[in-house]
Structure formats: C-alpha cells, structure tokens
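Chain naming follows the written order as A, B, C and D, and within any one chain the residues start at number 1.
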Amino acid sequence: MATDTIGGFDASTELGGIRLPNPVMTASGCAANGKELQRFFDVAQLGAFVTKTVMLEPRSGRGTPRMAETPSGMLNSIGLQGPGIRAFCEQDLTWLKARGARVLVSIAGGTAGEFADVAAHLRASDAWDAVVGVEVNISCPNVANRGQVFACDPTTSAKVMTLVREQLPRDTPIIAKLSPDVTDIVSIAAAVLGAGATGLTMINTLLGVVIDTDLLRPQLGGLTGGLSGPAVRAVAVRAVWQVRAAMLAGQIPTAPIIGVGGIATGRDALELVAAGASAVQVGTVTFHDPSAPLRVRDELTALVRAKGFSQFTDVIGIAHERIARP
Amino acid sequence: MRDVVQVDAEVIATRRVGAYHHITFVAPGVAELARPGQFVALSVGGDSSANLLRRCFSIHKVSPSGTYGGTVDLVISAVGPGTEWLSGLRAHDTTSMVGPLGRPFPLPKEPVATVLVGGGYGSAPLFWLAEALRERGCRVDMVLGAATESRLFGVVEARRAADGVTVTTDDGSMGHRGWVSDVLPAIIADHGVGVVYACGPMGMLKSVTDVAAAGGAVAQVAVEESMACGVGVCMTCVMPVAGNDGVTRMVRSCVEGPVFRGDRVRWDAFEGGVCRVPEDALGATAMRAH
Amino acid sequence: MATDTIGGFDASTELGGIRLPNPVMTASGCAANGKELQRFFDVAQLGAFVTKTVMLEPRSGRGTPRMAETPSGMLNSIGLQGPGIRAFCEQDLTWLKARGARVLVSIAGGTAGEFADVAAHLRASDAWDAVVGVEVNISCPNVANRGQVFACDPTTSAKVMTLVREQLPRDTPIIAKLSPDVTDIVSIAAAVLGAGATGLTMINTLLGVVIDTDLLRPQLGGLTGGLSGPAVRAVAVRAVWQVRAAMLAGQIPTAPIIGVGGIATGRDALELVAAGASAVQVGTVTFHDPSAPLRVRDELTALVRAKGFSQFTDVIGIAHERIARP
Amino acid sequence: MRDVVQVDAEVIATRRVGAYHHITFVAPGVAELARPGQFVALSVGGDSSANLLRRCFSIHKVSPSGTYGGTVDLVISAVGPGTEWLSGLRAHDTTSMVGPLGRPFPLPKEPVATVLVGGGYGSAPLFWLAEALRERGCRVDMVLGAATESRLFGVVEARRAADGVTVTTDDGSMGHRGWVSDVLPAIIADHGVGVVYACGPMGMLKSVTDVAAAGGAVAQVAVEESMACGVGVCMTCVMPVAGNDGVTRMVRSCVEGPVFRGDRVRWDAFEGGVCRVPEDALGATAMRAH
C-alpha cells in the first residue's frame, strides 16, 4: 500500500497492522458511500474512506425534519438509512474497490447477533479486499435494552465485539466507535479492547434536542438527535485525551485511536492527533465544504511538516509529554 | 469533465425587488454548467461564522460569458440568519458557492403547451426555463402567486418571457384574489397544456399536482426541503417518492431532485410540517424493528 | 415579593414555594457576585441572582491560562476561586441584600460534610433573608473518590443533598445542579430529588480539552476544563427534556427545573422553558454582552407574550404536549 | 453617574501603520469617560460569529467631541481570528464596544521625570499618557522597542509627545539593536527618573520592573493577560499580585489592572507561558486539599 511522502515527510500511519498512506478519513454518515464526493476529489487519495453505517436489511431512515442547525454545529436524526449489507456489498463496496479506495466499513445491528451477521456478509463479499477494517458503530439502540445504545454499557459493548471478532479474519482491524454520552468512557474503552477490538474511534455525536420556538415542539421528527460539528470538538479531544492517558498509565491496553468530532481544518485535526489519535475523520464540516476531507489531509500534513517533524507518527499523543502544569 | 464546481463567488450587483434581494455573483464555471431548475449552495456568515451549513438557492439566471466572466443571479428572501447575511452583502464581498446542483427541469422532446407556476420567490427559476421551452417551440403560460404584491417576483419579466401571464395574491393586492390552483384549471383546459412546471411551497406543489392530473397534464415540481449539504452526503433532505418500479423510497431531494414528477411524490406523508415514512416505503419495516 | 406584570402579562414563576417576579437569573460563576454587573443593570431586577460557587475556605483558584475560546463557546478551568463562605456572607451577600436582590447562593464542598458546613454558615448569616434558595453545585471533585465529581454518582449526590437539607429550614429551596457528563441523568435527578432536593439546575459545563497546536500541549493550565456557551445548548435542552419527560411519565417526582446552557437570547431561553424549565440562567454569553441577563429577561417575556400567552408559567414544558411524531 | 458604557461603535477611519491597523471608532460615551491606560472590549465576527468572547484593546487616544461625537482610536495587531476580522473592517461597519475598562495609569502628584516604555503596539496608550504627564510638568522620555521596524508603533508621534525618544529593535532594523532594557538604565540615571511606565509583553514588563528597581524608580506596568469578559465576571484574567498588606492574591487584571505596580507582581510565578499559583497566595492551601 502506497505511502504519501511529500518532500521527505512520511505522512503514513498505522491502524492495527494496516499501514495507511495518510491519516485522514471521512466520517461515517457524512460522506455517503463515495460517489457523491468523487465529484469533488478522488476518494482513493484519503487514508481511508469510511462508509455510512450499514445494517442487515434496507432501512428507510426516519421521517423529516431530520436536522437542525445549531451554533457551530448541527443536530441530526437520520435513523441509519441505508440499503442493507447485501446491496451495500454489491453496489457501494464494489464501486469503492474499483476506484482503488481503502475502505473502513461501518456496521451496526439492533442486536449483538445482527452485528455479527452484517460482518459475516461483508467478509463474504467479492469486494472484501478493498476493506482495511471494520468500524463497529455501537452508538445505536439496543433492541433488547429499551433502546439504550450499546455504547452506554461496557457489557453489551463487549458482547458485540466478541461476536463480530468471530466472523472476521484475525488480522482485520476492528474499530469500536464510542459514544461520549457516558460517565466513564475509559471503562467502555477497556471493555471493547478486552473483547477483541483492535482500536477505537471517538467520538460519535452527543445526544441533543432542539426546540422549534415557532411551533413550540422539538424540531426533529425523531425528537432527539446527535450533535456534531466544531461545537463538540473540545469533547472529542477530551475523550481521546482521557483514553490515551489511561493507555499511557497502563490502565488499559494500548491501541490505536481514530479521532473524530468537529474537525474543520488541519489545525483542528492536529488537536486530536496531539491528544492521542493515530488517524482522524472529517464529518459534519464536509457539509460545509465538500472538499474538506482532502483539504484537511493537506493542511494537516503541511502543518506537521512545518513544525519540523519528519514523520506524522511522531506527533501522535505528543501533548501528553508536554504538559505544563502551572 | 466536471459537472460541479466550488468557487469563491463575488457579488457584483445587489438590488431589492419587492420583499426580496436579487444578487448577481461572478461564479466562473457554475454559469457554464447550469440548466434551469438547478440550484447552488452558498456558505454564509464569513470565516468565523457559527452557521456551518450551506444555504441553497434556485438559479434565477446565468450569463456564461459576461464582462466579468460567468455570472449567476439569485433571488433571496431573508427569513433567517443565513438569508439575512446574504441580503446584507455588498459589491465585492465574496462567499463560497457550490453548483450547479440537482437535476434540472426535464424539457419536452416535442413542442407542447406548458404552464409555469411560481409561488413567491419560487418563480425565480422559471423565466430561464420559459426561454428554453419557447426555444423548443412550446407555448408558455405563467402563473405567479404570492400572499401579497411585494412577495411576487418577476411580474414584468414574465410578460416578456411568457405567452400569457396570470397573477394571484391571497389578499388581492395584485391580480386575482386567491390561489394559483384557482386559475390553473382554466389555463390547462384553454391551451391543452401537456406539462405544468411548478416551484414554490410544498402545499402549492401538491395542489398543482392534483390540478394537473385532473387536467390530464404532467406536473414537474421543484421542491424545497431543508438541506444540510446540498450534495447528497447527509441524508437530511429526503422525501418519499415512488420510483419507476412503483416502490416508494426516501430519496434525497438534493441529488434525485429538486425536480420530481408531481405524481410520484407521496404527498400523503406530509402533514403539519413533518413528513413521515410511508408504511410501504422500502426499508420502513426495518425501522419498526428498532 | 413583587411580580413583573407587563401589560397584563404575568412573568412570574415559582421555585419550590418561592415566587420570583420573572424567570431569568445569572448563572453561577458567570456574574461574579453582583457588583461588576451592577455597572450595566440593576441586579435586583433579575428573577434571582446566582452567586459564584462558594466553599468553606478562601480559594486561590487554578493557575493560568484558565480559558480557551472554542467555536460558539469556551472552555474554562477557574478552580472555584472564591473568598470562602464567611467573607462571602459578610461582604457579597450583605451587598446583594442591600441592593434588594433575590439571591440563589451556589455552594460546594470537597466532601459531603463540607457542603453541610457551608450551608450552616450561610444559614447563620445576617443577610440570610436575601436568600431565596441554595444551589448545590455537585459538579465538583469528591476528595474521597479520586476526584471524580459528586454529580457522576447517584449515591454521593444524594448524600450531599441529605446533609445540606439538615442544615437549612424546611421551606428553603435546595436546587441540585447536575452535570451532563453522565450516562443517565434521570437516575441522578431521581437520587437527589429522593434525598431532599427541591429542584434541579441543568446543566453544568461539559468536560473538554483544547490543545494549543503551537505548543502542542493542553491550552489550559488545569488540562481539562468545562465547555459552555451556545455550542452546548442542544445538550442542555436535551437534559431538561429527558428529566421533564421522566417527571411527566411519573418515573421521578415532579420538581421545578432551572435551565442553563448556551442561552444568548430570549428565543434560546424559550427552548429550555418549552422543554420543561421553570426558570433559566444566562452564563457564558454574559462575557459577550454584560447586559445579557436582563436583555434575555425582556426578550423572553416579550416573546411569550407575543405568542398570546397571558402568563409565563403556561409555556413551561409545553413542547411535551406538542410533539409531532412523523 | 455611569463609569462604563456599551455602545455600537462605528468605524470612521482605518489605516495600516507598519504591521498594525489603526482604527478610529465613533463611540459616544467611551471617549468622555476614558483615561490613559484604560481599555475597551470589542465584539468580533458580526451577528453570526462563532467567536463569542470580546477582544480587549488599549485605548490609543480619544477625542471626546469630534465632528462625529466622541471617537476612540485603537491600534490592532492581527494575530488571530478576532483581530483579523477587526483589521478587515471598513468605514461604516459597526461592532459593539464596552468601555472604558480597567484602572488607568496613576499620575504622579508632583512633577517628576518619567520614562514611558512601549513594546510593539504596547506603545499605543503611551502618547496620551505622555500628554497628561507633561501637563503636570513631568519630563517624559520614551523608549519604543520591537522585534523589527514594522512592529514599532508611533516613532514619529513620539518625537512630538516626548522630551527624548529612544528606539530599539531586536534585529537592528531601526534604532539600537537590542532590547529596551539595554537602554533604560542610562535614561533612568541621566534624568533621575522617578516613575517608569511600561506596556508590552510580559517578559519586557518584568525586566522593566527589575531595571526600574535597580535605578530607584517605581514601575507602573500595563499587563495583557488573556481575558474572556474584560469586566470582572469570569475570573480568567487573574495573576498573582501582592497587596498593601503584603499578601499575594490571584487578582483580576481586567478590573484591578491592567496597570499594576511592577514590584507587586509575582513575576516568579510566570514561566513557559503558564502562571502558577504561588504557594503563599491567599487560598492556595485550599487548592491543595482538592
């Protein structure tokens, strides 16, 4: 797999044994499955392309309104609309493979078993060799537990990981995507890493509500939604910071982290990287600037290079070594 | 060849027209690619803006090779922070423009009588469409409707662009007092209209669809759903539309629209400002499970 | 106590037996103790003035930098700087009383016992009759539990309430201020209401980190800080929504809620009110506009009036009756 | 009487001066109340700004009764989003201004020789101060220092405002090559200086304080701590300063400063861009408990 080398600077990064030419990805659900952004840039140039979370069956998603703009962010309630894993493999994954993209496939299920079924279908796909890893979106409602999301509970999160792990080759990175809406994100990280996750993506959206003050009712059809965008960046950096600190302190196993939340520029991406992320994803800001993922890649690379580093991996988690306690 | 561009668009002229702001942008590339019915997505608020999402506007007209390079004209109604900011732009201010976006109005292959119905600023894209239709030998009638006179757009322009013009206002301040759907049946019947094109609020589009069907015409309606990205990646702008296979899907109005055949839209799903997923829509079953 | 009546509109609200002339307050820590804002408006005109959280002894607060601006918000780590409860009562509370302000005194402690001691000192103050209630800031580190904040745990939160309740007259409203950084805010609300709290204030800041990308280290001297401002409003509205919904469903006792988080305008305040808040606090936006608390009072009152309501209390929680499920 | 106002300030003139932007605002009320050493806090980014916090600027000069009403002049160095936005303002643009804020430079009761030291744009408030001092019969020397010529402010103005002017630049592009602290001792000694006034970066203020003490002069320094509110309510702008009672407190530089007696500032607590709480500061013990 190629490595992006610019004037001697090595932009590559590693994700559980898989080397990516650069650390910038799309975020699940913010880039559809590639064709739309291909009109703005070549998706194969990204470190990886992260697909919209796919479940077993086709899903219509929720009714509308599905979104509300918020200060420096937005609230969404899409409801995991998607074609189902079979159509996804036949059409979307095949298209991405043909483009030469490295694909991190995001999957989910309403039960731990459904997660495993989706993984099994994916594994069986003809386009499997385009897959560089599987991102497991555990921030979705657990049918068995009054719709509480899996990611709120270490036990159910771990169970999902165990079942998904059984369906996939040992060397396939499995990345658990965590929710920030928990009292102790380190304990969730510990649980999923203990159950076979290769790495972690942090963070998914924060639960929010917006009231339409003309109609005096919740603006989203689904009442609550997920808050994302630059507004939440400090929460994402905090989550990455805390989990990385726990790794450095030996409290939980060391594993790669993918940082996501509010990245609009290379500078923003560097915040997450310096806090401990080995790679980053650009989500909501893609709606503002469809070229954002590739732009962030270029800005991040240039910035790290300008600081005198010769390889990207040197800045991962660097802020932990530079704390200035007053 | 690229079919969409992302450019820093510069304002070269801005003027008030009734309740609206008519702005001309220099936007190289957009003008050259655009067709009637397509739209553009603009950034709002400048570099330090708290408004992250783009705002979408129908293209009113384009001049692919003006003095300044290609220009794009928009008609903007100030209803919230983004449109207010845009309305305050002055000459030489710039903002990022992505476009052209969406599918244009389909043009008939044969000359056929048409009616173009615009509600409020919804008339903005219709003059350009009228030109294209007349070039193909189609008769063009226009119906412009609004709540009140100041909310009509392009009445004078319409007289030049169309073979017949009818104006309606809810309050009777100009033209017929009433709705566009009041005057539409007669026009369809009088001229043997084959296609009705419409752009405006959802309620109007639904009744235009009904009237067209009753008069044996096809309705092509340009919808205006709330959009976060305009380019097909966010899935916020969906609405239930039946496909050729008869199956209803929640389709993105930004890439599969904004123009839809009126009789394909599941108007029954819209009510009280929300749109539910019809029970028979593809993937609705899986939603009920969780 | 006077009631703000404007052209027949009754702006008053009730907080556990205490009637306030209008529902708008300052937020603790965002208005100091009154003198500074008095230069911009008369603090006695607010529904109540909420003081900076005070602890038993004088506290220097943390070193600097103590803040970082974030998109539509800010991160702070002040470290509860304050004069200690004795000096607070002698100087600040006495001054507020002399101005005729209604005071909601925010208190905290490093142990549950310290909370009680602070409450006891307050009760004994000569200026006690200016106090319309006590806001108990349980979002502060619990010395006994590795510095985890009280508000993260229902048991420690409840213990604080029980001990504070013992020190105060039965008719004194005790308002527990909750942190949004928990998996299940309803369970914390249930615990504190069960232990004698009269009402709830939601939300305190979200835990965040900002990295200074020039120095590649955390920007705040205290590493982590609290995220506030319009960026977090959707989270505040969600917290109020969830807890109010649990009250309406009979899952927890009904009690007044004070909404806080990201309010910049009367429209924003109405979001929290429609979600279930009986009163609101204006925090970070006061830094942007020192007149904001009084401006929000006027905007909120005018807005509710313009919608045709004759009394403010009619809109409290109204969005729960108007849900439009698509 | 009010001692502070909050007004919509309108830009009436803006010009580049070396690396800086010099902007004149019409700000009724502020000009009338202000004294040298005070500052104003401006909103940045316009109505839909994501930058919530005000930016603080020393008042360069005021004209309480110009043609347009009272005006306030500021000198702005574009270093981040807020100052860049301000630097881009054009005539007739407006932004909200709160001021005057903070404590002014204390003026000596008796005529005494003074030196005014400005680092970079830190010289901005000193010309106005020089005028007030000379009115009281004080000798005024000025020392202007910067990294390089374009970062000096007011060299020409200084020659008019002061009895003697010395310029230093780190790179020698103008005046003495070196720091203000290199030239200060001789000026203090030559004129028997009683008070040194200084405004500029923290490092410079510390060394000015040391040099003043060595020369038997009092230092009055205007600090520039990061501020969120500027009006005393947020507690972000604190620094350790000893009071009359010898006790060090974390005081707010926006209301108890920005001018402090140099020898009262606990310079020992500042290091590497952070400032810790000295162990002997009031309330430091309680912090160690939790």
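We adopt the following convention: a residue touches a chain if its C-beta (ideal position, glycine included) is under 8 Å from a C-beta of that chain, and two chains touch if they have at least 3 such contacts.
These numbers come from a predicted model, not from an experiment.
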| item | value |
| --- | --- |
| Neighbouring chains common to chain B and chain D, by label | A, C |
| Pair with more cross-chain C-beta pairs in contact, given C-D and A-D | C-D |
| Farthest-lying chain, centroid of Cα atoms versus that of chain A | D |
| Mean-CA-position distance for chain C and chain A (Å) | 34 |
| Whole-Å gap between the CA centroids of chain B and chain C | 46 |
| For chain D, residues contacting two or more additional chains | 50-51, 273-277 |
| Residues of chain A engaged with two or more neighbouring chains | 62-64, 71-73, 215, 221, 229-230, 324-326 |
| Category of the chain touch graph - line, ring, star, complete, other | complete |
| Chain A partner contacts - residues on chain C that touch it in the complex | 62-64, 68, 70-73, 75, 152, 181-184, 206-211, 213, 215-218, 221-225, 227, 229-235, 237-238, 241, 262, 267, 270-271, 274-275, 303, 307, 315, 318-319, 322-326 |
| Parts of chain B lying in touch with chain C, wherever the complex brings them together | 50, 272-277 |
| Interfacial residue positions of chain A with respect to chain D in the complex | 71-72, 230, 324-326 |
| Sites on chain B touched by chain A in the complex | 2-4, 6, 43, 50-54, 96, 98, 225-226, 228-229, 231-239, 249-250, 255, 269, 273-277, 281-287, 289-290 |
| Residue ranges of chain D in contact with chain B within the complex | 44-51, 81-82, 84-85 |
